[in-house]
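The first chain written gets the first letter, and so on, giving A, B, C, D and E; residue counts start at 1 in each chain.
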């Protein structure tokens, strides 16, 4: 059973979904426990796979579906391939999804009461799709899984409010363009290599002359495809509305994971399919792409500054963060790639944490504007602790993981001599500082009594510290959220710090993946 | 929306130019020795699948066995689509329902000729779809095509006799159950392989369960099983899609 | 002529795809966008199917009975058992891979068609929902309504 | 010979795609798209992709057209472009 | 140089951090809460003192937590300069604690628990900076200090406090993230993965002069707590904080962390030897010199006493930066010495300002005519401290200033030498009128100081002590002097 862990990651959500489809419509009460169970098992299997990866001498785990194995060194059926990068992503996805199920139980019942089974089935399949993307080693299978995660995503967004529906339509159009470009790119690779297995494509491509137009255009198509789906700056139009108007649980799942998984595909394609020599040296696009990502970071930060809606602001930060990672991956050195991958993990957790906080705040105050934060430190202290940690991480202050990802990215940028990228990173950190301290200040001080007010009684102060202000909204609406929401949020907040403190361990794992980059640098 | 048109035009010209530029590098159309056609993978499927699976239709063999995992997710895609549509359109409020009821009334008077024709066609269609499904190993077709046709027979009933007529034969919960069972049949087959100690979807081990089969024929039969699973799901979901879209999710009236 | 035949499929697929892409971006009506999307996706399928073609002499990817079971009787082949499958191979007639169309693109495109119809269905459902909310399927009208509603 | 047949269908496809996108009546557009799918299916069958053609006939020309028409009926038939 | 691995630096740093727990636990009983603060302060000082003999005998204490990034451990390393700074900060914390008790109770301030907690955290961060063994550790604690002091600066929670806090944080975070972080990573990349103060500063051949200049400027302006113009304006704005905060943090901890970091950059990161070969430090000298003069001029126009002190601080900080940027041994030693000398002087001045506010509620100098007779102790201390800050004989300030002037003369920077002299005169010009009017001036029309008494003893005693220390430092500068000599000799 041990060696079956890789497939179990995928099967748990899949069978969970089937089970709900069969039972859930008759017994809606079963949906939630089944989902939690499926996600927990999937998470356990992901951790198991991670352990397998660590234990394996080559650092990779191959799982062969249909049991055909390789014939003449050609994979004739679909296979799974887990290396450090995908193992980390799997653990990330499954744990985020697991925590989000627990977190969103209350919200699902409130926001979509008539569609609970639908919601959970789509949710599980979305997770299955995302996990499948990170684990599969077959380019076409990757496309199918991308489409599964997209289709479920469209629906999960569209069951939201009025605005969500229209943004979901845009998402369908853009998502289809992106996925189709990806499919076309895979076709271009197939026409030149005759295989779909990513490792085999790589080995066959080594024999193909570097100036092959089809390969070059295929690479371009794949990149444009994933850029559309990850909302890389000029192609980001669909994202802000889609995530901002989606139901809470959907937003909290999709915002941290979907763009990150697309970045994973980009990195996977660059490192494992085309190979760093091809991507960085033969093509020589690094300057262009890094410049584009600089623009993405700056533009995303500017847009974020101009928004007064909480979730809109966060979505534009996501756009900027995508620029971080694309730029990092294209810096053409191991530091930049390490930074990009590490940021992938840390940004997913940060975004997740922030979306959870915003979900709690919006659900408690009913106000989607920034002003919802006014005076929240007293009313919802625990939520605000989580918020503060996530905000510090977003700004990039030690010891949170946001600092270390920025560290690696900056280091990569300096080593590569891409100073405009370095500048953009710093600019965006400062913008984040402005954005989040504005909120922290609002949450901390608004409605607080100023110095010189008549009330100076110590006991009274204590009462105010812990209870609601007598003159503010009624207590029951602003009391702290239920623990099912707070617990996962706190876990993630602690995770942010833990990931920061143990960053060298994580980068050591990533080191295996970027090792061939080091070789490249050594050759120069 | 002129600016959008210009943006689109520029995008299209650039992308089109790129793609046309790359076609120059393609092997000639129809070249049997092109990398794709002459790859080890393709040759393996053509030359070995008869030995390994005993299925003459190479597409079926590759679809249901070598790339069976893909096909399982293809089924899941269909399943997702049906659920997504139900989730998006959802149950309407009572006021909407009343409005649609009024507009639906004009469909109430059904054309006798349509109904009679449908009655003639539907059994043939269903029988043929079963043939397509069952004969997928030897001829074009298989679970997916058979399922679509079977689903189409229900759509035909709905077109001719109104959606309630079709729903009385296959209700939405029933269809969902069927769809779930279809995916379960597919995934379950894979799971059974796993329980017998092999990898997921490695059908050959099923010869322990299926009487009078060897490893090759186990694959052959397992493929039929999963194709039936596909057909279940596709039948159910095609009908659900039609039912939901033709009534805006209210499941009344119809075209 | 040779040159045209060799590349015509690929040219047409590009043209169809660009028609679809243009419609997806530039068309105002949501249904029209979806029509464009369908054309876009079929163009890609056309491309894939074109990859697998093997000249005029090749047959469809379905083997004949003899090619699969050899000249033996079915019963014998069935009873040959696991170990004898290699033995049975010897009696099978040779297959020239060049004479049979490449099945891989077909398999892939079956999936792609399904994905296409699934996407279309979901998109249609969403556009029905949009029509329900905004009373129109024209992007201009919808945007104007949003702007009016949200100030 | 078959190549000429091929080329004719391909040219026809382009024409039909343009027509499907330019008619203002969405119902007509959906129907023309059905024709487009049938032509495509013909083309694929000719190219040896019988399974794909079969599927396209059932799905592209059949179900897709039907659900598109259903949507047109449920929404509006007119298009501004 | 003997290296001792010891946990004492960590304990010294943690002492105040751990004190947060009892402070929060005893939030309902002010006496216990404040006792916890004081006990932690004493514990901290004694921990620091236990290391003093070792340091003086040439030992270096080290403590490493974990390697946080490849090649960069989170590491403490106590050397002469760190010891000097730690000694100043921890001893003044105890006094400030007493003073704060008097001040906060005297004004019946709100949210005192928060105040004491963050105060303690700030002290931990300060010691962390003092003990940092590498630039990275320093940066971590530097940021921690910025954040921990934010709630203190905005303690009043009114509009002014919030806007002051906003300026405070945006200047400090903006410069540290925007300038220091890239400069640090640049160093890390160029030096081949090291940021340790003992391993860096072999830059010849690695950096060309323009890169060195850029790096230097990024650091000097990036450590905005050092208050070089134009990144000084957070300091006057931060004066909205309660006076104990201003006193400790803005005369001692925060600003001194800034100049401490600048000294570290000069001595530990870029290295005075390297800098003297590329000759770029003069840019910093001129920036600092300009800051000295300009801030003194601005201080002369101020009527709000705390703002005046703030601008005076800006000028004094730039003395230190100027001194170290001269790169001459005496000047560097002088600037190190100036840390304790100025600290004791300036904290006395702030204590006095606070004491006046507690006793009379007055903030403006124009209101203080004749007040000296009503509050002789306070204004006596004020006069002594002012002398120290100006650098007059019989106060510690003279010594450090003398060293810096000596260094300037050695470095042949006569213009900068003039800056020292002119600014001393200017200091005198803005301080003496205050003292003069307080003792000899007549109260403005209708104002009576008859009912004015000295502030509570908890306020007065600390300021008397610090004033006394300012004087004593003139006669017994021994410890501080030795510590700085240790640094200078280990460098050369």
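Everything that follows uses one rule, which is that contacts are C-beta pairs under 8 Å (C-beta built on N, C-alpha and C of every residue); 3 or more make two chains touch, one makes a residue touch a chain.
Values in this document were obtained by computation on a predicted structure and should not be read as measured data.
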Chain by chain, through touching neighbours only, how many steps does the shortest route from chain C to chain E take?
2
Taking the mean of each chain's Cα atoms, which chain ends up nearest the overall Cα mean?
A
Based on mean C-alpha positions, I'd like to know which chain lies farthest from chain B.
E
Contact-richer chain pair (by C-beta pairs counted) among B-D and A-B:
A-B
Name the chain whose C-alpha centroid is farthest from the C-alpha centroid of chain A.
E
Centroid spacing, where centroids are CA-atom means, of chain A and chain E in whole angstrom:
43
What is the distance, in whole Å, between the centres of chain A and chain D, each centre taken as the mean of its C-alpha atoms?
38
Distance between chain B and chain C based on Cα centroids, please, to the nearest Å.
13
Round to the nearest whole Å and give the separation of the Cα centres of chain A and chain C.
31
I need the residues of chain B touching at least two other chains; which ones are they?
19, 26, 34, 36-38, 41-42, 45, 57, 59, 67, 70, 74, 77, 80-81, 84-85, 88, 140, 144, 241, 245, 248
Scan chain D for residues touching two or more other chains and write them down.
50-51, 55, 59, 63, 67, 70-71, 74
Give the residues of chain E touching no fewer than two other chains, as numbers and ranges.
none
Which of the chains touch, listed as pairs?
A-B, A-C, A-E, B-C, B-D, C-D
The residues of chain D that touch chain C in their complex are 2-3, 6-7, 10-11, 13-14, 17-18, 20-21, 26, 29-30, 33, 36-37, 40, 43-44, 47-52, 55-56, 59-60, 63-64, 67-68, 70-72, 74-76, 79-81
Footprint of chain B on chain C - complex, ascending:
5-11, 14-15, 17-18, 21-22, 25-26, 28, 50-56, 58, 60-65, 67-69, 77-78, 80-82, 85-86, 88-89, 92, 95, 97-100, 102-108, 110-111, 114-115, 117-119, 121-122, 124-126, 128-129, 132, 139-140
Per the contact definition, I'd like the list of chain E residues that touch chain A in the complex.
27-28, 30, 66-70, 108-112, 139-140, 143-144, 147, 151, 154-159, 161-162, 165-166, 169-170, 173-174, 177-178, 181-182, 185-186, 188-189
Which of the residues in chain D come into contact with chain B in the complex?
50-51, 53-55, 58-59, 62-63, 66-67, 69-71, 73-74
Touching residues of chain B toward chain A in the complex: what are they?
18-19, 21-22, 24-27, 34-42, 44-45, 48, 65-70, 73-74, 76-77, 79-81, 83-88, 90-91, 173, 176-177, 179-181, 183-184, 187, 191, 193-194, 198-204
